[in-house]
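Both of the next two complexes hold chain A, though its partner changes from chain B to chain C.
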Partner chain A sequence: MSPPVKKPFAIGWEGAIFLALLLYPLFPIFESLFFRATQRSLGEQLPLVFIFALLAYGLNVVVGYTGLLHLGIAAFFAVGAYVAGIFTTAAYSFGWPFWVVLPLGVLAATVLGLLLGAPTLRLRGDYLALVTLGFGEVTKFTLRNMEKITAGTRGLSPIPPPSLPLVPPSAWADDYRPFYYLTLGVLILVALLLHNLERSRLGRAWIALREDELAANCMGLNPNKLKLAAFALGAGLAGLAGVLYATRLTSTADPNAYDFNRSIFMVCCLILGGLGSRLGALVGVIMLVGFDNILTPIIDSKIQEWFPNSGGRICLSFTGWRLAIFGLALILMMRFRPEGIVPSSRMKHELHPDEAVSNGIDPITMGRNTGEVETLGRKGGQS
Partner chain B sequence: MIFAADSAFWQAFTQQTIDGLAFGALIALVALGYTMVYGIVELINFAHGDLFMLGCFLSLTILAAFGLGGLGFDATVKDPSPVYVAVILLTCLLVAMPFCGALNFAVDWVVYKPLRTAPKLAPLVSAIGVSFIFMNVGLFWGGAQDVNFPNLIPDTNLMSEGSGIRFTYKDAMVFGVTVPLMIGLTLFVQYSRLGKAMRATAQNPTAAKLMGIDTNKVIGLTFAIGGALAGAGAVVYALKVNTISYTMGFQNGLYAFTAAVLGGIGRIPGAVLGGLIIGLVRYYGSAYVGETWAGALIFGILILILVFRPTGLLGSTTREKV
Partner chain C sequence: MPPILEVAGLRAGYGPIDALHDVSLTVDEGEIVTMIGANGAGKTTTLMSVSGVVRPRAGRVTFGGNDLRTFPAHEIVKLGLAQSPEGRKIFPRLTVLENLQMGAFTRKDPPGIAADIEKMFGMFPILNERKGQAGGLLSGGQQQMLAIARALMARPKLLLLDEPSLGLAPQIVTQIFGVIRDLNQNQGMSVLLVEQNARMALKVAHRGYVLETGRVTFSDKADVVLNDPRIRAAYLGE
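Up next, the complex of A and B:
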């Protein structure tokens, strides 16, 4: 099965989603229909989805393209948020505008990514996962403890809205649309950047590294430099998302907003959507953020209606089942559809080599690592 | 600090050492489960800490059944006699250990076993999923708030009054449970038939299989033994620390994993050594750096160890197989 030949002007599902999102605010009818059904404004929720999608894109560079399990992306998200907090709030005398802080947050996160990555990236997969996890936790503790700088659990606020021509400052609070288009614009720009990057020399090198580090190395690629580049880009995108997040909330929020749960939530989004696929990251974020922020409150209020005497018992609320649902989803995905809901075509072939064989693809070129452990349960005759 | 080494300083230091070693022995018990599982299937079992948490809630349920209160039940037994306490402690151990062991075995059978041939990321992510499910069970079991665990073992000091050092019944209980278990495990792995099979499977699963070892069974039993140790650790932890919550598994599990890595993952004496060091770091860190920094300190050590000596203190240097 050769990859489907793209029609020259086909925009694909990703383009269709972006187009729909661009058009959404132009038709207030959808907003009011949605509000009638759920008592919530979709337009208010979507910027958050876009911000998390940015974060997922960043994580996808590291986990999806390069195949390094990163469990501390929230630390870089936090750096972006706190750079915004420190350089814009009245607590400090900087008072810099959003458009200066935005690149600064990206820069700070990137530098931090390089600093963490340089000594640690030679580690093996699961050890690297642990280092990133530990780093995320250290960052959280640091933010919480250095109260003089970060205001501890109170968070830095208020972060002023960005200044844009034609948009009066009051509009940011009254209307969802300025922020909607700001975040969506950034998201689409990043998606375009990644789209080109995936086909560039660097992007293909990352994928080669993910497939087989040893072979990639033998072909003259430098794994450490490539991993560092992925790490830095991932961190930078997370920083970008962080600045936008803090600006959206007008506060850096509690350091607990940047803990392991945030990181693992993003990993869940990627796995659900499909590792290494931009569309997958977007779909995963829409599904999980939608689940958390839209579906859960609706079901909870329905349960309240049906069982008014639940007495606040936690197992009778849908929120109470959140972790179990996430956990079960992760397990089932890994077992039955490890490539995700909207996989990149490469991942699909990789994870289902048998189907690829029946489709006439040579399984050897799929280049899967077969370590000692992986041959454990394999029946004879397939080695 | 160091040059002001008067008696008060040393007294405090000795106290930190005792507390640290007691906490470390507990962590070591959990770390053993990590290290054994990692040694045999190279899986960071993220759910192990949450298994430990479930063991704590099971102990609390047993205490409630014995009329000591907890989980919304009223305490009917006031001032239990030492014999009664000993019976309860033994019951807790005898129930929690098989429970956690069986649970871990079942999870391996249902979740990890089908993924043995999958890329390494798959079981790791599944382990995170199992951890979430366990946390949810813990949430339903004990609620979202911290839960008080009945203070069953008295805090009476066993040292003389003048020494200024506290070594309580609780500390004695911690060492009394953990040390025999560790010795037992070491002997078991070293001398029993199953222990030998475990070591063989850890060294080279394919060869072990060719030699007629049912590797899946051995792996399952490794999970069971690791789980049982976490169960024992849970009973002791709950009785010593007296506060449990459904989120405790994550933090303590990470401490334990750090201990396992510190000692050299896959090495049983390494896990014990690592656990003790982590315990000491936590208490020295609390005393001399600041309580809020103790967690950051431990994770900082984890990063440093992984960067500079990924094989740990007792681990041997092996090249990664290609």
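Up next, the complex of A and C:
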């Protein structure tokens, strides 16, 4: 067999986005321009986008690669956050440093994922979706009701900032950049990990399982083991995001932050961006979290400026329209581009077989000449 | 020499229904054995029970001295038994090459896998031409070739083929059966073949079994089955 042709290093859209994000804080002019226009800091908001992108990556392993509809990812996100809360806050005597708590949160969420997955992953389709949904709700209510441990709706706080050489503790509060680079660094590391995983034997096995479980079983794949691995990895990444989230907020927040809405919101990010595609997950999160956390408050304050006497009339607040716009966007999306904004080429070809031609991509090879999985550069080139 | 596969008194089914009541058959090493029968006779269920995808409810399935009932489906592949399931079931969004690699999932010898992929490309040149394409974009006949090649990638001692002629043009069917005969004659592959196209199957097989509503009702050398007047009337449309 001739070895697959190694493509020259192509940075692609995903790399370009990461590069732009890496450069953003180095040019304070952008931040000050943004601030002048909106009275808000973009750098303060972006770490949340990165954290939710991590969560979306984790969910994408389960829903995108392996094809298991998981509607309770927020539960694992919560586990990470509460591990951070319990092991660092003064309410407990642990007081462990961030760098110990980070892997611990990942571990705890992974173990929980295995515990939930082992008995339930033999369920198919809708049934698994229901179990994960239920588990998410149970977790939320447990966190709310076990007040002695979780402080109920008050949440555990304050969670101290991470300790890093060269970064004084006060800098985490005064300057957005330490957290910005911490979360972005973790995100890029995870993206690299997933990039390699997608091309590995395991990654291919997950996709084969999604495509046809019976055939995959006939090839000697162990479906239960593979699903469990995907589930555990998804849970672990969600836990990682959870630790960062709580550390960022310096509090575990109200358990309602980890409810069904959070889970379904993450699924929406994936569908909007393109299921199974890492770039899609990133773009979906940037669009939806960006819309929610960055754009909506800006528009609201502008409306306040223009209509100072609107005085709480809901039809004049953008927040009131937020979900309607969100819903409409998703409906339009499903109608006109069901594969997502930047789909993996595997999905795209199935839903729009003829479009590949008009984009100058050979429909037969889908832009691929070798057995290699799609490259980022190519995917970007199509859209 | 004991048969490579021995099925005795097999009972299996789905939910409350038994699809197989009593199926017994053997495949000797280097032999092509075919099972023919109408829709719902239990041909596919028999294959699925052998490959472990359907768990037998009673009876014995022995392969190369191993009691297959004690192995899960994914372990059975490692014992040297590969199945090309009904309806081809290739992975439509994996490339042809990736499909072949999935066939070798249980193997851990990359050089051997690479050599076998080359071998498959030698047997099916069209797969080489299209190795970078998504499996779902191949024609039906090409997909069937891919399904067979993918099963062969596991280096099986026994190949289970379920309806390889399903939905294919007569010319392609002839080609596929040529491949099966070639695998058997030149590589000594044992094959258990399930077919609706009884005439074609009996021509290529050494022995044949006739299944009716979950029971073996007739079995003999393939040419005897082929010339039996009852079989001719019931399955060969004469």
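Here is the rule we use: the second predicted complex is superposed on the first by the 339 of 383 C-alpha atoms of A that agree within 3 Å, B and C clash if a C-alpha of one lies under 4 Å from a C-alpha of the other, contacts with A are read in each partner's own complex, and residues count from 1 in each chain.
Following the convention adopted for this analysis, a contact is a pair of C-beta atoms (placed from the backbone, for glycine too) under 8 Å apart; a residue touches a chain by one contact, two chains touch by 3 or more.
Since the model is a prediction, treat every value here as computed from it, not as a measurement.
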Checklist entry - Touch check for A:Thr142: first (chain B), second (chain C), both, or neither? => result first
Checklist entry - A:Lys302 contacts which: chain B (first), chain C (second), both, neither? => result neither
Checklist entry - Does the superposition put A:Arg346 against chain B (first), chain C (second), both, or neither? => result second
Checklist entry - Touch check for A:Arg154: first (chain B), second (chain C), both, or neither? => result neither
Next on the checklist: With both complexes superposed on chain A, which partner does A:His195 reach: first (chain B), second (chain C), both or neither?
Outcome noted: neither
Checklist entry - A:Ala205 contacts which: chain B (first), chain C (second), both, neither? => result second
Item to check | chain C versus chain B, contacts on chain A by residue | outcome: B
Next on the checklist: After the superposition on A, what does A:Leu214 contact: first (chain B), second (chain C), both or neither?
Outcome noted: both
Next on the checklist: Under the contact rule defined above, give the chain A residues that sit at the interface with chain B and also at the interface with chain C.
Outcome noted: 214, 368-369, 371, 373
Checklist outcome for this item: Contacts from chain A onto chain B in the complex sit at residues 69, 119-120, 123-127, 129-131, 133-135, 137-138, 141-142, 144-145, 214, 260, 264, 267, 271, 314-315, 320-324, 326-331, 333-335, 338, 351, 368-369, 371-378
Checklist outcome for this item: Seen from chain C, its contact residues with chain A in the complex are 51, 53, 72-78, 82-85, 89-98, 101-103, 105-106, 114-115, 117-118, 130-134, 136-137, 150-151, 154
Checklist entry - What part of chain B is in contact with chain A in the complex they form? => result 41-42, 44, 111, 113-126, 128-137, 139-140, 143-144, 204-206, 209, 215-216, 250, 254, 257-258, 261, 290, 292-293, 295-296, 299-300, 302-303, 306-307, 310, 320-322
Checklist entry - Which residues of chain A touch chain C in the complex? => result 1, 201, 204-205, 207-208, 211-212, 214-223, 346-347, 349-350, 363-366, 368-371, 373
